[in-house]
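Some notes on the structure that comes next.
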Amino acid sequence: MKLKETTTIRIRFNETDPLGIVWHGNYITYFEDGREDFGSKHGISYLDVQSHGYVTPIIASSCKHKLPLRYGDIATIETTFENSPAAKMIFHYKIFNPDGAVVCTGKTVQVFVDDSNQLSLNLPPFFESWKKSKGLL
Amino acid sequence: MKLKETTTIRIRFNETDPLGIVWHGNYITYFEDGREDFGSKHGISYLDVQSHGYVTPIIASSCKHKLPLRYGDIATIETTFENSPAAKMIFHYKIFNPDGAVVCTGKTVQVFVDDSNQLSLNLPPFFESWKKSKGLL
Amino acid sequence: MKLKETTTIRIRFNETDPLGIVWHGNYITYFEDGREDFGSKHGISYLDVQSHGYVTPIIASSCKHKLPLRYGDIATIETTFENSPAAKMIFHYKIFNPDGAVVCTGKTVQVFVDDSNQLSLNLPPFFESWKKSKGLL
Amino acid sequence: MKLKETTTIRIRFNETDPLGIVWHGNYITYFEDGREDFGSKHGISYLDVQSHGYVTPIIASSCKHKLPLRYGDIATIETTFENSPAAKMIFHYKIFNPDGAVVCTGKTVQVFVDDSNQLSLNLPPFFESWKKSKGLL
């Protein structure tokens, strides 16, 4: 079983470049849109994480582009949680254009840092509880 | 006498829009570039202000556009400090294109908020000292 | 009678600054969100305008800030069309926080430029028709 | 022999997030800064490529984060051209903080698309000439 959510966005004029397509760096923002929407729906948003005394900086991100998106396009972000045993939050992304074709795929990796600025080597207790509540542990 | 500084920027690809010109919202970033450069040169940068226990949120900004800027253009920002008696930092901006023509003019107004989150109605002491040191008081 | 639309946005993490509040330049993006939403609902979006052979560059924008917005806030943008006789599109904006308080007010002015890059001194025919259809002429 | 250039940037206030560090998506902009500076110095900038009738969309990008950057930091981007036999432009990036420590590493891959919107499977003639002029062919 995979935890997965889909999020709809509309491409802004200011997100496109002189070629008339979304500037590649903006996909990182769309990944964040997807991740945040996933988090809101599953109780693991940035604000949820912070309420437990942790922040979750991104340590790696990647994106592979297959097709362009244009101004005004309604795109769909599919955000999938990878159930890794590590003390990390790993998300995979697929973005689809209005025709349902895959525009890009991507991945982000986050670690847990506690409020004394220490990297967690083990699952923080709140995250362990969350995984259990979702049937992932 | 007016305190004034000029700052050179190079227009980034990702700052331009499908019309091939700088998206209008990015001029607010250029104003910040000019203001920060002014601040660095005159000891009144954001970090200087913070070291005295204040932050200076923007309460008003405006921009009038006359000509476009394009990707790769080397533009010049002229940032002028307005010597107002109010407990405010007021800057005026002119941006010039590579031919020396005025691309836009603008203005920002900042207030002083202290570390107990109170708006300063009078000049903060550090700002009064700064104005004296610049011959503005 | 005033043409007016409201648009709901959710403040993104990456739109906020080290003070934990929305960076002031991002309000220009929110104004564009409101204007585009208004345009979509009333048949006068950027893509509609372009389909008639015109572009509508912004020649002036301004914003007055009264309260901050924070990450995760659901804000409401109220976009009002000003029925000016000039060959311009003028919009006024009010953004409200989740408590209904006014966060900022703003204004943008756009002109019409045709596909031979000439500024329209008179109302373009499509815009005149649009105004009639909305009871504004 | 590797073609490599270094570029100095100053971190803007609006590039940092509520944690006080650069928002991860902005590193994609810094990579573009490094790539463009490399291009300007070596005659292979985006404008050079376009003058030969090609555009070079990004098909993949990745970034690994090791340390944060903060507002006001002077960072150095090291951009290295990978001499691949493929019809691609591949760049590797290292960004260093003011202490000389590696902040992040990254990579981008670009393809060549000609003015009839066709992907080039072979090296475009101008790119072949450029590689010869640099001793890479």
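Annotations
Which chain is which? They are A, B, C and D, in the order written, and residues in each are numbered from 1.
Here is the rule we go by: a residue touches a chain if its C-beta (ideal position, glycine included) is under 8 Å from a C-beta of that chain, and two chains touch if they have at least 3 such contacts.
What you are looking at is a predicted structure, and each value in this text was computed from that prediction instead of being measured.
Across A-D and B-D, the chain pair carrying more C-beta contacts is A-D.
Using the mean of the Cα atoms as each chain's centre, the chain most removed from subunit B is A. A straight line joining the Cα centres of subunit A and subunit D is 24 Å long.
Centre-to-centre, using mean CA coordinates, subunit A is 35 Å away from subunit B.
Put simply, the C-alpha centre of subunit B and that of subunit D have 29 angstrom between them. Residue positions of subunit C with contacts to 2 or more other chains are 13-14, 19, 25, 29, 32, 71.
Here subunit B touches subunit D in the complex through residues 12-14, 29, 32-33, 36, 45-47, 71-72, going by the rule given at the top.
Across the complex, subunit A meets subunit B through its residues 13-14, 16-20, 23, 25, 71. Of all the residues in subunit A, the ones that touch subunit D in their complex are 19, 21, 24-25, 28-29, 32, 55, 57-66, 68.
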